[in-house]
Amino acid sequence: QELRFTVWTGNDAHLAMLNGIAEGFRESHPDVTVRFETIPAGDYTQKLTFQIAGGNPPDLGWMFEDSIPAFIAAGVVEDIGPALRETEGYDLDDFSGPAMDLWSDGDAVYGIPFSTSPFMVFYNKEMFEAAGLKDPLAMAEAGEWTMEAFRDAALKLTEANDAWGFEFKDGEGYDSRIMHAIMPPIRAYGGHAWQDGECGFDDPEAVEAVTMLHGMIFEDQSIVPPGEQGDFFSGSAAMTVNQISRASKMPEAGFEWGIAPLPTGPAGAAPIIGQAGISVFAQGDKKELATEFAAFMTNAENVAVMAQFFPPARASVLDSDAFIDANELIPAEQMAYVSDAIKQGSVLPSHENAPKILAAMKPRFDALFRADADVPATLAAVCAAIQDEL
Amino acid sequence: MTRLTVRNLTKSFGKLEVIRGIDLDVADGEFVVFVGPSGCGKSTLLRMISGLETISGGELWIGDRKVNEVQAAKRGLAMVFQSYALYPHLTVRQNMGFGLKVRKESVDEIERRVNEAARTLQLDKLLDRYPRELSGGQRQRVAIGRAIVGDPQVFLFDEPLSNLDAELRVHMRAEIAALHRRLGNTTIYVTHDQIEAMTLADRIVVLRDGRIEQVGTPKELYARPDNVFVAQFIGSPKMNVCPVEAIRSPLQRAGFSTGGATQAGLRPEHLRIVDEAEGILCGRVSISEYTGGGSLLHVEIEGAPVFLVENSGDDTPQPGDIVHLAFSASDLHLFDAEGRACDREPELA
Amino acid sequence: MTRLTVRNLTKSFGKLEVIRGIDLDVADGEFVVFVGPSGCGKSTLLRMISGLETISGGELWIGDRKVNEVQAAKRGLAMVFQSYALYPHLTVRQNMGFGLKVRKESVDEIERRVNEAARTLQLDKLLDRYPRELSGGQRQRVAIGRAIVGDPQVFLFDEPLSNLDAELRVHMRAEIAALHRRLGNTTIYVTHDQIEAMTLADRIVVLRDGRIEQVGTPKELYARPDNVFVAQFIGSPKMNVCPVEAIRSPLQRAGFSTGGATQAGLRPEHLRIVDEAEGILCGRVSISEYTGGGSLLHVEIEGAPVFLVENSGDDTPQPGDIVHLAFSASDLHLFDAEGRACDREPELA
Amino acid sequence: MSQPQLATVKRICWMLSLVVVAIPFLFPFLWMISSGFKGPTEIFGEPSLIPRTWRWQNFVEVFEYQPFARQYFNSIYIACAVTVLTLLLSSLAGYALARMRFAGAALLMLFLMSALMVPEEVTIVPNFFLMKWLGVMDTHVPLILLPVFGPHGVMATFLMRQYFVALPKELEDAGKMDGLSRAGIWWKIALPMSRPALAAVAIITFLFSWNLFLEPLVFISSLENFTLPLALSNFTDPYGAPLWHLQLAATSLAVVPILIVYLIAQRQIIESFAMSGVKG
Amino acid sequence: MASLNEPGTTVRAPRAPWLTLKRRETIEGWLFVSPTLIGFLIFFLGPLIAVVFYSLSEWNLLSQDTIFVGLANYEDALTQNPDFWQVIRNSVIFAAGLVPMNMALALALAMALARPFRGVVFFRTIFFAPVVTSAVAWAIVWKFLLQGDAGAVNQMLATVGIDGPNWLREPNWAMAAVIVTRVLKMVGLNMILYIAALQSIPRDYEEAARLEGASEWQIFRMVIWPLLAPTTLIIMVITTIGSFKVFDHIYLMTGGGPENGTLVLAFYIYQQAFEFFEIGYASALAMIMFVIVLALTVVQLILRQKGST
């Protein structure tokens, strides 16, 4: 028998690891092979939908955090909760509560996060030294790594180096990564995107946070502005926000670097995590087998294996020294922050209408990211645009 | 048995009736030429015979087979087209052998017959050329060669010479005549050039507007046209036709009776320039066109349209000169109000 | 002052020399026709005169102005194209007024001149039609009308009649002649039809391969061609030419001296069918083509190529008949080995 | 200044202005090819047309990152299949519409022509379900069928018809007299004579298929079934951020061969466009 | 043998067979068109009719729920949805910008390159090259060249002292940028069509006009341009339809942004259907698009009818 498993990675190391896990599964199920199908991330949800609507669903698949609610709402992912609970030696409760929030509804479990990756600040040590600034990690330790400190650092970095102070995630903060750009400050200021069908972008906290970002971009000119390239990894920006998997890009970069937690704000620390889970599709004809494989893949042992690339959500693994030491690129003291962030972090806002909400938000945010934008008014417009979908 | 019989043949394109009931018998071995002005239906009629155009009404017999619904290729005829229609991507040899090949003749047989036809037409040396490498006359000959290899019962030609220059046309015309004499096939030939028709035909069919105006030998048509149309169509330059009224008194003076005729016709080559004494008609030369062997005079006769006069003498009148014209009674053609020729008793008697 | 003077004019397209040194004088009001086989450079020469083609070498004078480098529009000439080149999107009126309009003449003036030209050419009723709504002859007339409204000093025509059918060609030819007589402009006319040349020209220029073969009045060219080429080019059907050798003995018997000539030429219309006694040449009719007024005989004379003979008598010989041919001494053309005409003392004397 | 000198000056000005206009057409290609040799960091650095370091391994990585050779092949074979099928069907139908007098031909022509006015976007959704029903999702079948039978196929049919209408009819009549069947005439006479039109249709069809984007985007999901346009927009890291250096290297790889073919055949291409009825 | 003289009465005269030449032709004709016709019915006409039905329902692709809603989708688009009118406006602006620019440039290039001269092949090649280049490649490259300060275009403008805008970030400039780059991509095709048309205009017309004293501009304006009218019309129809279909270019260059400034109908349909999976709504939009394109084409064809009589 063959299980089709859609993933969005084409990375050889990732696939080797996945195939290794599949190989392990054959010990108990000798006649089962698992075929990992790569669908590029950009079109992943769309193609997956086509496969499902087209009557050709995979048995299992990776799911993005922002698309899972819609899939749950449409009833196309299987509730594997009961099966997991019955699985021997599978400790469902080992998964941290906040991490499971998105994937379960009461007792029903629609997916298991295999990657729970917090957003961290990557920074260029050399540029910090050139600007005569204290290392962010040290600031964090001292509790000084606040939004003000961040803004101040960015400005000084920009002035001291022939580079931007800060780059949004992958430079896509104005396009596909708007939420990654705005949510850390909004949360740090105590705001939220939406809750219970109510838009939060026009709350004072959010307005204040966005105003700060706007000021950094257009007054301080310390954040790479829209339409410009200021790639952190090629040394054109001093700081960026990203997930730790991006550390793999660092050896090429050729400068001293480090990672630090997100800066805190008036509302304290607000770590943010991005998630991806494994789901079993309701239309598949080998659902039981698929569920068994999902369980196998996310048992403690395999989660530890995957931890080399994907930060785990199992508390037991997170606390293990193995995890802390696992990443050869990141020193242990920095990994500790990662670990903390996973446990305390909350996922980015999601919604079953996420694609429409994002599409509705996008043009209003385009208007926001202009030098002469009226921040509160624009945010109000954002809320007006998305209210119907919430 | 390659008589060709046409009975009340009609053809309509949509509402437009193009052939309006043609009856015709072509004897075995006869060379019949269709002439007529452009658009009169010559090609359409020929194509109906060939099978390239469907028949709307009437009957078409080739030999004793009714062929109305027989496919073109199965009627046993061959056609030579105005543009020659040589396949540009095939050599002369392949062009000529094409029909045989389609009919699945053996390679040897094809070879034999192509060579034979090529010899007949002196195409031996050109067999491996492509049409584009041939001159107009050679193409024409290949087109004929292609027609004869199939050994057809009937040959059809649609203006085969109209793409050639004047010189070559005279030459190829003679060749076609020679070929017909040699092979003796029944032949139908379409042209709008009446000289070609005259020189080639056993019988000429004059068409007009989808109807036959007259059928006869070239001589009959030239000497005794049935009507004004044929009279003007056959002969070049064309017959001068004028109302009898305009020249009644000169005619009467000369003793020609005009009966009930309303129109009189005189061919340019039948008008002689004579002394005032002998002259029947008199007019002023408006243009005199020198043609080498002679000259063509445009003569203005009072009350009548301009007369063309062929003058082969060396003493060419100049424009402005007054000339006197004579002709013999037998050369005067008379037509009634409908344009039909009036019986000419003197000759019938 | 609209003489046209051409001095050693040459033209090359890249390496290809197309016009190889032409000298020519056209008098004021003269009608000069260029003839020659296809590709000989007639159009090119005309276009060089018009200014549409640049001049590679030599000089071109219109009146007493050297115009080698003068723009086409400023040379004061008008041209009628073979295709007529009527603008399909403009009415006849607009077509005729086009040149005046681009030269910014006043609307009234344009109106006046177009109407005048239209009257001259009987186009009054057609002024609001589009070219596609006109017959060939009418288009031709509009093309001429367009040329005359500009009141040019010189008219240029490039095969203006070659798109018309035979009948119409005869008619339009006469019209052009009449027009020229009326307006009297210097005119240069290109054609490859020698009958057209003969009937229209004051003088004919025979071109061959970019060079002038002969210049002269139609009569001169017909009666005294400078060389075989001109002899065969002028006259239709073309002159029979054969080696003197082949007919030396009959000629000598008849008392014609051939001098040092190697080729002899006889026009078909100058050969008469006579009794055996009078006959100079004797041959067998291979084809006899009836042409209404007479017939065209293909006569095979032993040792010589086939002779064409025009026979206007009514007693047409049949194929196979033996005929005897006679001609007068003045109609015998003699040429030397290079094809140049030999002086004929009898006539010079 | 004499006339020839004036002409020379005019010519030079003329050429210069053409060169200026040509820049926005040419520059993207130069830039693309040069960027294909740059490292990921250099692309964003100081712009220069000549790479500071030539990074040849981009072109190796292109093939490692995804089955690019396979995708390249997919595009080629799909485009070939579409082209051959389109030529075949459009010439058949175009021939019939131009040459055969059969009841309903005129109406049929109008009917088909209406397709020219309907963008593919309109019918893609039902076609999606049709393909699902046929069980050919994530195969190349839709990418072949839809161009052949969609508006583009109709356009090709129309072009072929226009050309056939203008072809001299006598050759076909000759074929008929020689005993060829209709199909024989079409295959042995009409087709060989319509090479310019076939070439023009082949070129537009090949390009059409080669550049097809929406259909593959909708119908293809697995990497090894991708066609080039999809593959090109798919040089992203696992999180969706573009890998510019690879993308541009791959783009060069996709564009350059076509350009070379075009350069070699450009005279014929222009001629066949000119000779075929493409001009309308 | 007597009967031979009267063919109409011979015993051998067969009755007219059923398979007359005319019937044969009809059957063959339909056989020839049948592959195309059947494919057309299945893959084009059928789907087109289906779209009409889809457009009357609310249908989410993911959940596969279908509810018949009548004309609600149309109502929503035409009266409720503010984006819709912006999309229509964008499409119209896009077409209104692209079509004239494309045609003017194509004609200008064709006029320059219709007659042979040294280097003509080189230039024709350059102008046609983008046509044979994949739209994806073209969009990707231009997206790069048009970046804010770092992009090659602005760098070049900077050398002549112009401070270029942030092309793809400002709605109006973004629209201009997608139009211009699309024109650059496609103008070669129209150029070739115009060249073909120009070459088929007999030179006589031009020469006649020149002889009559017309200037180059007058020749173009009064002779060439009117003669090109049929070609111009065809090109206009094709280009207009094409401009409404543009999807990939915008998808890749701007994704419809910024501020929906380049969100055109084709892209919007795609988004509704394949990003939001709103099949019913997308189908209604598709029908609207169909009607618009149809109307434009008919208007243009009517203009042609008027122009030619």
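The chains carry the letters A, B, C, D and E, assigned in the order they are written, with residues numbered from 1 in each.
To be clear about the criterion, a residue touches a chain if its C-beta (ideal position, glycine included) is under 8 Å from a C-beta of that chain, and two chains touch if they have at least 3 such contacts.
Not measured: the values here are computed from a predicted model.
Chemist: Under the document's definition of touching, what chains do subunit A and subunit D have as common neighbours?
Modeler: E
Chemist: Among the remaining chains, which ones contact both subunit A and subunit B?
Modeler: D, E
Chemist: Kindly indicate the chain pair that has more C-beta pairs in contact than all others.
Modeler: Chains joined by the most C-beta contact pairs: D-E.
Chemist: Which integer distance in Å separates the CA centroid of subunit B from that of subunit E?
Modeler: For subunit B versus subunit E, the centre distance works out to 53 Å.
Chemist: Quick check: how many Å separate the C-alpha centres of subunit D and subunit E?
Modeler: Chain centroid spacing, subunit D to subunit E, equals 15 Å.
Chemist: By residue number and range, which residues of subunit E touch two or more other chains?
Modeler: Those would be 25, 150, 274.
Chemist: In subunit D, what residues contact two or more other chains?
Modeler: Residues 44, 217-218, 233 of subunit D touch two or more partner chains.
Chemist: Which chain pairs here would you call touching?
Modeler: A-D, A-E, B-C, B-D, B-E, C-E, D-E
Chemist: List the residues on subunit A that touch subunit D in their complex, please.
Modeler: Against subunit D, the touching part of subunit A is residues 8-12, 14, 37-43, 47-48, 50-51, 53-56, 170-172, 176, 229-231, 233-236, 243, 245, 252-253.
Chemist: Touching residues of subunit E toward subunit B in the complex: what are they?
Modeler: Interface residues on the subunit E side: 4, 7-8, 10, 12-14, 16-17, 19-22, 24-25.
Chemist: Over in the complex, which subunit A residues touch subunit E? Could you list them?
Modeler: 46, 49-50, 52-53, 70-71, 73-76, 174-175, 225-229, 355-356, 359, 362-364, 366-367, 369-370
Chemist: What part of subunit C is in contact with subunit B in the complex they form?
Modeler: Per the stated touch rule, the residues are 38, 165-167, 170, 173-174, 177-178, 181, 193, 195, 198-200, 218-219, 222, 234-238, 267, 269-270, 286-287, 289-294, 296, 298, 308, 310, 312.
Chemist: Show me the residue ranges of subunit E that touch subunit A in the complex, using the header's touch definition.
Modeler: Per the touch definition, subunit E meets subunit A at residues 60-64, 147-150, 166-171, 255, 257-261, 263, 271, 274-277.
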